[in-house]
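Step one of this worksheet: look at the structure below.
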Amino acid sequence: MATSAIIFYTISGVMILFSLLAVTSRRILRAAIYLLFALAGTAALYFMVDYQFLAAVQLIVYAGGIVVLIIFSVLLTTHINEKLEKPTWGKVFITATLALGGLVLTLFILTNHEFVLGTKPSAEATVSVIGERLLGYQAGGYVLPFEVISILLLAAMIGAIVIAKRNATKS
Amino acid sequence: MLLISLIVIPALTALAVMFARNAQQVKTLSATGMSIQLIQSFYLLYEFLKERSAGNSETVLFGNRLEWYPSLHISFDYGVDGISVAMILLTSIVIFTGVFASWEVKDQAKEFFASLIILATGVFGFFISLDLFVMFLFFELAVIPMYLLIGIWGSGKKEYSAMKLTLMLMAGSALLVVGILGIYFHSDVNGSHSFNIIDLANQNFPMEMQRIFFPLTFIGFGVIGALFPFHTWSPDGHSSAPTAVSMLHAGVLMKLGGYGCLKVAIYLMPQAANEMAWIFLILTSISVIYGALGVIAQTDLKYINAYSSVSHCGLVLFALLMLNKTASNGAVLQMISHGLMTALFFALIGMLYSRTHTRIVHEMGGLMKVLPFLSVCYVIAGLASLGLPGLSGFVAEMTIFVGAFQHPDMFHRVITIIAISSIVVTAVYILRVVGGLLMGPIKNEEYNNLKDATWYERLATVTLIAAIVIIGIAPLWLSDIIMESLGVILR
Amino acid sequence: MSYSVTIFILILPLTVFVLNGLLSNKLSHRLAGWLATGSMGIATVLAWLTAYNYFFQSSSYEKLIPFQITWLRFTETLQIDMGILLDPISVMMLVVITTVSLMVFLYSMGYMQGEKGFIRYFSFLSLFSFSMLGLVVATNLFQLYMFWELVGVSSYLLIGYYYDKPEAVAAAKKAFIVTRFADFGFLVGILLLSYYTGTFDFTKITNPENAAIAGMTGISFMGLSVLTLALTLIFMGGAGKSAMFPLHIWLPDAMEGPTPVSALIHAATMVVAGVFLVARMFPVFSFHAPEALDAVAFIGAFTLLFAAIIACTQTDIKRILAFSTMSQIGYMMLALGVSGYGSEGLGFTASMFHLFTHAFFKALLFLGAGSIIHALHKNDIREMGNLRKHQPITHIVFLIACLAIAGIPPFAGFFSKDEILSAAFASNPIYFGIAALAAGLTAFYMFRLYFLVFWGNERTYEHSPHESPVLMLIPMIVLAIGSIFTGFIPFGNFVSSDSQPLQAHLNVTVAIISVMMAILGITVAWIFYKKESLLPEKISNMSGALYHTVVRKFYIDEIYLFITRKIIFNLISRPIAWFDRHIIDAFMDFTATATNWVSKEIKGLQSGQLQHYGYIFLSGVILIVLVMIFTNT
Amino acid sequence: MMEHVPISHVLMVTSTMFFIGAYGFLTRRNLVTMLIGVELMLNAVNINFVIFDRYLYPDQIEGHFFALFIIAIAAAEAAVAIAIFINLYRNIRSIDVEKVDNMKY
């Protein structure tokens, strides 16, 4: 078994483990931390496929930004010692059945599908290439989605502020 | 230009009304706008007659096409033939008098007059447009404000009635959309689909298609034309609506049904009309008799008038289904005549109600003594309704009966005789009301102090009566311009 | 003088109607009244001039159309024209209508003085005159029908003149509705006739050589030829307007109107419109539809006797006259019914002759009755007596009219009635018997009235009766002169079925029988009613139920009431109104309620629980994927 | 670097992660933990984009961009979501999803 394979399976194991923990842990802060690990694992995967930039973004935005946001909100909305109540058995049962059923179905399709692997040499995803593509307006340029995303982010930012802002007249 | 200004003027008036500062301004603006509209309509008639006498025999006059949405072949095609001119005249007279009849609306006058005039805009647009899609658009524009007008300014069970009326008319519209789209997708004008009525009229739609879409369009328009058994919105709607709205609704809006049936259903799908006429003939003759008999047992003036409208409008559709020129001519005449007299009726009922605060016939009595002017007008309206020669009702009914009776088929003649028997029933209920309401001793002491009509009420009623009398005495010009257009429609 | 002047005979009353109607609260009573009467005077002069020109200045009595415009076009062939058709009967009618109208207008000036609705009254009266004149000069069936309706409505308005009296309102309504019902038949008849002939024109329809008409006799429907059917229906219209059995019920009630109105409309002119109609269509009846003519004769004869019998038992002075009118119109119808065409057309001439003379003496009777009512303010003859002392002139003219209607020579009624009896005699002895019997009854009930009112004991009156003003007396005297002398007109020379002079001879046998009957009737009346006597009461007590049946007018009114109120109102209208609200409308409401219900029932699915949506979503996705997999393989 | 790992294995991992996220989303009642579930799912999908790109179309980097955009959107979504949670908490003193059903029907 090649080193890379070993690394991959290790990472995968970590990711799945922490994902599971993240959705089952009864301490909410821990759940957030477990999520952090799962996201970091993802970043590692990106490194493995040579997408360094993406991996960096994943770490900064996801692991750095979102998880911190989540932790903040947890701190704002729950007591640190509070344990989440256990979901009812019925709920767990239904959900687990559904999730497992979906998983089995997906795996069934996966295993039965013949993937045609690409044979061409892999393209480099250097920062300069990414920058040119993102701001390019010729074929393959992503300037329009880029702008749209910018607007979305702006709108989300304003929206978040407006929603979260304490209502001046109310209190 | 002439036609465009027919919808621009009311639209502008509605807009101006919204900017008015007080109720007085609102009324002045509306009255001015609608007077201009009335003058315009007469000018249109004059121009139309001038063109026709100059030998211009095109199907529609003053027409034009404004591209609107070329990829779906929707364009604002407009133009008028004799029928449209007649209906436009009717509409402008009714809306003109409607404004004066609602002179006393106080709360939210601005919104009331604006909605009323927007409704009229829709009607004018409907009558001038030649494009099915635009026509439908205007149709909806005319129907929707009705909900607000009844729901907000109505009386009695107004929310219920407004909802019922709107839902039933919308259900009709739904059928209509399917019908119109069906026609559109089956058309083939120079390799593409079309919404233009004139183009569509030259299509020979296959019989299978006509069999599906004729009933859809006919019932779709029939709902607003009070086709049995889809007429029940009419009594409730009319009884809850404020005066001017009843006038406009029974006077004009119900006529969109007949007009649409003629200009869309029958004009575009003549073979199916011919084949299926008998079904609808039975329904409409039921309308005629059933409506008339139903009136006798009513006690509320507005219900009485609503049911008699069902009967009279049933006669319109009945005549159209005879599919010959004379009867159809009668149908159009009946639309105009009924529009005028029912508007007069509703105006008078509103005026009486504002004085006596009741609409129940047997609670009133002897009003002739205290309200001579209004009572005489009521009698005239009644006489017009029962078809007195010299008033418009006679002209219309007789044209229908003579035309319908010329049908070579025995079934049609027998059913015509059944329809004719409605004139007896009409006389019964009209005279019952006139006798109970206006004659006899005064039942309520308080009525002795009632004031007779004010100047604006006089203006409204006299205008309508003048129109009724003019058509009743000299119907030939009107009948001729209608007949001419029918020649094209009933090829 | 050209005939186009005749148009003014129509325009004058119309103008007065419009003027008086529009300016009813501006004009003074005097001005309005004289305006109406003056115009009617001019119209009368014009009518007499027209008649003079027509009958004496031209040799042959052609049908003339001095004026005609197209009023409404239905199809290429069918159109309504408005025009004036002059032929012997229409000219004769013009004279009758204008003359009687003028008299009634004059009379009304006195009778209606001080009434609040004086101007309205003259306005309506002018409308009536206009419509009636338009009716008789109509050039086509549809024009006739239009004026027919107008006449009906002016009759409605005038009967309901005292609109605050419930009885008057009910009577007006009844009159209009009953005639409307008859007009329904009339209209269908017109449509039927025009459908086959393709025309409304009298000149074409009544042309005996018209092929389309002859063709109609060949088409049969339910055993009758279409033409017979059409003509019977048209006659139905005439029967309604002329108060023939069984459509007569409105006429007695119509007496609620002012008395001059009864004189003009319900005695002299409008009610004979039905006779006029049959006379107008006579060639068609006579040549192509003898069955329809038989119906006319039968109905005429039946009504003649029926009304005369009822008249003998009534006590309201105007109702007696109303029944008498019905009976006399029965004579006219009978005469038309038994008449032939051309040289056999004695009945036709007799009918028109009787129409002519009847207009004078019946109008006179009503005006006399009006004069009495004007003085006494009551209608019941049992409360009257010995009026000859108080109203000598009224008494004399009334007597003249009674003699005229009873058929005593040399008064007008004798000649016309004699012709009718001869025509009936020539046709069918049964009809003759009925007519002769009715002649006796006529004399009896008229003189019963006469003796009870003018003789008998003095009664106590609230204020002592007085003779009527001059304005009322003049017309009565004029009409009385007419009632005496019109009988000497050689009527057959002017009016006949084929416009050829017809020599009518006095049939001596018939004359003797009829005079005998009349004298018998008068004698019986004299015995019964000259002095206070117990005889009539004894006889009425003896006949018991029969007598009551007659007093109640054979319960025809009750039958009608039963049909209209119980059957039409309670069994048809109300159920329909109920059905509409509770079945049809309820169905529409039900669709709405059902939609509402369904939405209420399924809204639980929208629980607001995010995770429920999640379950459904996920299971949906899995399901769809499963379906796709299994359908692909 | 991944030539020794078959694509299906990677996909199995991501699918597992996805359904774990779904499980979390559906069982948790606390809105924040539900959000964690959503993040997991997004992440799994993101990996898929990258992996498909790398294995099937190595000469292109479109998957990379998709992943990039998804990350951006996820960030925005998280920000808005958390703002909503905070506001909600302020109003009803709880961020339990089962209590948030005011807008049903």
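Order as written gives the chain letters A, B, C and D; numbering starts at 1 within each chain.
Basically, a residue touches a chain if its C-beta (ideal position, glycine included) is under 8 Å from a C-beta of that chain, and two chains touch if they have at least 3 such contacts.
Please read these numbers as outputs of a predicted model, since none were measured by experiment.
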Each chain counted as touching chain B and chain C at once: none
Across the interfaces C-D and A-C, which one involves more C-beta pairs in contact? C-D
Expressed in whole Å, how far the mean CA point of chain C lies from that of chain D is 94
Computed distance of Cα centres, chain C from chain A, in Å: 99
Just the number, please: Cα centre separation of chain A and chain B in whole Å. 65
Hey, how far is the Cα centre of chain B from the one of chain D, in Å? 61
For chain D, residues that touch 2 or more chains besides their own: 22, 26-27
Contacts with two or more other chains, residues of chain A listed in rising order: 91, 95, 98-99, 102
Mind pulling the chain C residues that touch 2 or more other chains? 611, 615, 618
Output every touching chain pair, sorted by label. A-C, A-D, B-C, C-D
Chain D partner, complex, touching residues on chain C are 603, 606-611, 614-615, 618
What part of chain B is in contact with chain C in the complex they form? 164, 167-168, 229-230, 232-233, 235-236, 290, 293-298, 307, 325-326, 329, 366, 368-369, 383, 386-390, 394-395, 398-399, 401-403, 405-406, 413, 416-417, 420-421, 423-424, 427-428, 431-432, 435, 438-442, 475-476, 479-480, 483
For the complex, give me every residue of chain C touching chain A. 611, 615, 618-619, 621-622, 625-626, 629
Would you pull the chain C residues touching chain B in the complex into a rising list? 70-75, 78, 80, 142, 145-147, 149-150, 153, 156, 160, 163-166, 169-170, 172-173, 176-177, 180-181, 183-184, 187-188, 191-192, 194-195, 568-569, 572-574, 576-578, 580, 584-585, 587-589, 592
Sites on chain A touched by chain D in the complex: 1-2, 4-5, 8-9, 12, 15-16, 19-20, 22-24, 28, 31-32, 35, 38-39, 42, 45-46, 48-51, 53-54, 57-58, 61-62, 65-66, 69-70, 72-74, 76-78, 84-85, 87, 91-92, 95-96, 98-100, 102-103, 106-107, 110-111, 113, 115-118, 120-123, 125, 129-130, 133-134, 142, 145, 149, 152-153, 155-157, 159-161, 163-164, 166
